[in-house]
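Below, each structure is written out as structure tokens.
There are two complexes below, and they share subunit A, which is joined by subunit B in the first and by subunit C in the second.
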Partner chain A sequence: MSIHIQNISKSFTSFKREAGLKGAFQSFINRKYETFHALQNINLDVDSGEIVGILGENGAGKTTLIKLMVGLLYPTDGSIHIDGYTPWKRKNEFLKQISVVMGQKNQLWWDIPASESFLLNQKIYEIPQAEYKKTLEELVQLLNVEDKLNVQVRRLSLGERMKMEIIAALLHKPKFILLDEPTIGLDVISQSKIREFIKFYNEEHNSTFLLTSHYMNDIQALCDRVFVIHKGHGLYDGNFNALVNKIKPQKKLIFEFPHAPAEDMIVSLQQEFEFNLIRNVVTAELPDKQLTKLLGSLFKLDDPVTFSVEELPVEDTMRTFFSNPEKFL
Partner chain B sequence: MVRRYLNLWGSFFANSLTRDMEYKANLIGGIIVDIIFYSVQYFFFSIIYSYVDTLGSFTREDVMVFLIITFISDTVYMFLFSGNLFPLNRLVVQGDLDFMLLKPINSQFLVSFRYVKSYAIFSLVILVLMLLRQSSLHSADIGLMNYLYFSISFFCGLVIWYSLDFLIACLTFWFKNFTVGGWLSHELLKFSSRPDSIYTGITRKILFSLVPMALVSSVPARMLLYGLNVKLLMFQITISLSFVIMTFWVWKRGLLRYESASS
Partner chain C sequence: MFKFLKKYSAVIKMTWIQTLEYRANLYVGLFSILSGIFIEYLIWKQIFVARGTELIRGFTLNELVAFIFLSMIVGQLKSSWVTSIEMIDAIRSGGLNKYLIRPISFYTYHLMMFIGQNSLFYMAYFTLIAAFPFIFPGLAFTTNFQVFGFLAALFLAVYLSYNMYYIMVCISFWFHEVRALVIAYNIANIILSGQIIPLRFFPEMYLKIIAFTPLPFLVDFPVSIATGQLPTDMWASKFFLGFCWCLITWGIGKTLYYFGIKQYGGYGA
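Our next item is the complex of A and B:
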């Protein structure tokens, strides 16, 4: 499914008041409304089969964009076309081709096993029995939850519940899937399993995925392309690694000498490169070219006991980015 | 289309029954509470009405039939809608309507019918048996045709009640948080549990038009006891149709104002 979003804007009106009883009285008598622009002139095109990450701080407008794309909200301005459908018209043919997984909301009935909710979805989506059985078996095996199908949802762990939510969302084989924080609150193993599953499903079915996550590892593992929203504005649309390199092009070098090197040599090197030396271990965070040069110089001083060149943690990089996004773009 | 939606309702019922059966004590307790509630109501009103010979145009034995019809309306309403309309306010305020709007079926249908209070069916069976017994004891000649007119009128009454409740519940789209709507519905219900003939003047006009709660139980009782009153039945059909059409319109308008909730 291809997505075409043009100049989409969404505003909400809410009232504001001062804190305390006095503020409550004043607001009750004379309510002051203000308009909040959640999204402004967003443009985005997504091709069929792509996995695009939507990044932004809390309140940036990511979820609003997702809700507009599935037709839960009506835009204040602009248009969205998904394979020719206008989402907020909520045509059944369109709704049968999309699915949403929200990490913080459940669609499964809490008091009964997930298998009962799946049966209900089978009826709602009019999935033929043979196809339903085949898809369910495939999903259950892939997510490794065979023994949890008949357990009440409220008795499942968060990770198991999320897997069941994903099954419920995919039973009708949607072509366009929106994942809003699908790994929130999960342990690292569950996060990684869900990531692997999404990647596999995308490759297998050529479904289009849009993903929001505060875990940059999710984004790094799944999305070549990201769309960054900042205070309701589209700020960046492109390759995720290119963005990371733009923000912090450095890599981290750890170089361990067998003995503490001569001090004068180190001082001379420190005039050219920025690094730290603690006992006989050199650590540096430098751009690629400089790091290669430094490495060559260190090798000239002595052979290392060990050395490594690592990418900087992407979480840290993105934290730096979101502290002042305009600075980097 | 009708078959598909009937099938869907069947699935909702099966799901609700499965859910209710997960908690045995709650299910059995619910049945007992319902039976106690209707027995107490019946006993209480029987005593009150035993001191009067007529209530409006209803005789004492008419009132007993009317009472059982009121209880049946109440039970059918509980069975079908009570678990759905009252929580609408919470669904809208907390954004839990999201998943319902994403399903490829009519969203008003899903919101109105998704949960069936399955155990109300037991009280319903008992009340229908009581109605048959009370009708057989009645001095009037109550034939099959009376039951047919009663059924049509009863259905219309239920549609009116649902529509009114639904319209009140939808106010939450405009007022953001309108929990008082549930209580308003509850209070309006009291107007349907008294015979229509006790209302006069402006109150009567309101209860037959703007807030047509007088049409919910009294008119079906009249159809059962006194046979077809074409004018009254046509009036009830017109009102029920108008109200149900209004719910379609209000629901669409309400969804335009739906803001979901932040994640």
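Our next item is the complex of A and C:
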């Protein structure tokens, strides 16, 4: 399912008031409205079978973009075509081909087991009985929730509930799936299982995925391509690793000498490279080329007890990026 | 049509399953109406004794109690204010999203939920209604014609009432918080549609005014048919007028939804 987004903009009108009772009275009598531009001139094309990560800080416009793509909102300007459909016209044929999982909202009925909600979805999406049974079995096995199907939803853990939400969202085998913070609040194991599942499902069904997540590990594991939104503007559209390298091309070196090296040698090296020495351990964060050179020089001084070259944590890199995105692009 | 029925009957089924999950709530809901009827009976009995008359506005005590008993049941069955509050919350909090992203109609889905929630009550109340000819012999359902007329009028009242609440639900697209409006309407509606006191007890001026509104169709119309208070030669014109009100309120609701959904912000999700 291909997506074509052209010059899409969305503005909201809201009112502002000062805190406290006085502010409440003032606002009650004379309300001051202001327009907030959530998205401005966004352009994005996504091909069938791609997994694209949408990145941005809180309030950048990620969820607004997702809501526009599934037809929850009407745009202020611009157009979106998903396989020829205009989302906000909400044609049944279109709705049968999409699915949305929002981490903080659910479609399952709270007071009854998830299996009942699945049956309701079977009727809503008009899934033939045999196909429904097969898909459900497959999803339940993949997500390992066989024993939780008949437990009231409100009694499930957050991770189990999210898995059930994902099952409910995929029962009708949608071609276009939007995941808004699908791993929010989950433990590391559940996060990893959901990531594995998304990857598997994408490969198996060639479904198009759009994903927002504050966990960069989700993005790194799933998305080759990312679209960065900053204050409502599209800032970057391209390879995720290329973006990371652009922001912080450094890698981390840890080099442990058997004994503390001679001080004059270290001083001379420090004139050429930036690194730290604590007792007999050298640590440095340098770009690839410089790091190789430094490593060569350190080997000339002595053989290490141990050494390692690591990627910098992607979370830290992206934090640096979002503190001032324009600086890096 | 078959697919439509299959889809939305599943919603009714789900609502039954959910309602049966909480047994105590169901029992209390079912029997709460009986206490109201008992209180009304005591009040009207005292009024008849104090006035020392056999008739008030053409009603004997038994006729009045039968009329009020039926009015309370109809009033209860047609009131979808709880469903309306849920729908308003869905619009305010972004819960509407889960309807919009699926091939279902928000209007029909909630209508079915309302019918589903109430249908267990319908069964219990219909048992009471079935006992009517024995409790109040000769006062209601004296002919099969009255039974079928009552059922048709009840169906019209339930649907019309749902449409009126739906209009208020749609107003929340612009004003967000309209629960006070729904509650105020609900209270006014209980009194003004004749749910507690028959419309015949109201001043002439009021009756002239509400003749131009859908209010008489919500309670007074079905109960008047069941108790034989409405001459059969007037049924057709009344049904036609009630049907027109259904169309008008449905149209207003649809129009408000059409424009309102464009205001929807999908907040909270």
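Keep in mind that, in the parts below, the second predicted complex is superposed on the first by the 329 of 329 C-alpha atoms of A that agree within 3 Å, B and C clash if a C-alpha of one lies under 4 Å from a C-alpha of the other, contacts with A are read in each partner's own complex, and residues count from 1 in each chain.
Everything that follows uses one rule, which is that a contact is a pair of C-beta atoms (placed from the backbone, for glycine too) under 8 Å apart; a residue touches a chain by one contact, two chains touch by 3 or more.
Computed from a predicted model, the values in this text were never measured in an experiment.
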>> Under the superposition described at the top, does placing subunit B and subunit C together on subunit A give a clash or a fit?
In response: clash
>> Quick one: is A:L73 in contact with subunit B, with subunit C, with both, or with neither? Answer first, second, both or neither.
In response: both
> Which holds for A:E181: it touches subunit B only (first), subunit C only (second), both, or neither?
Replying inline: first
> Just subunit B (first), just subunit C (second), both, or neither: which does A:F307 touch?
Replying inline: neither
> Between subunit B (first) and subunit C (second), which does A:K96 come into contact with in this model arrangement: first, second, both, or neither?
Replying inline: both
> Counting only touches as set out at the top, which of subunit B and subunit C does A:W109 meet: first, second, both, neither?
Replying inline: both
> Considering each complex separately, which residues of subunit A are in contact with subunit B in the first and with subunit C in the second?
Replying inline: 12, 63, 67, 70-74, 90, 92, 95-96, 98-100, 102, 104-105, 107, 109, 111-112, 116-117, 119-120, 123-126, 152, 180
> What part of subunit B is in contact with subunit A in the complex they form?
Replying inline: 4, 7-8, 11-12, 15, 18-19, 22-23, 95-96, 98-99, 101-105, 107, 256, 258-260, 262-263
>> With touch defined as at the start, can you tell me which subunit A residues reach subunit B in the complex?
In response: 12, 59, 63, 67, 70-74, 90, 92-93, 95-96, 98-100, 102-105, 107, 109, 111-112, 116-117, 119-120, 123-126, 152, 180-181
> Which of the residues in subunit C come into contact with subunit A in the complex?
Replying inline: 3, 6-7, 9-11, 14, 17-18, 21-22, 94-95, 97-98, 100-104, 261-262, 264-266, 268-269
>> Which residues of subunit A touch subunit C once you look at their complex with the stated criterion?
In response: 12, 63, 67, 70-74, 90, 92, 95-96, 98-100, 102, 104-107, 109, 111-112, 116-117, 119-126, 152, 180
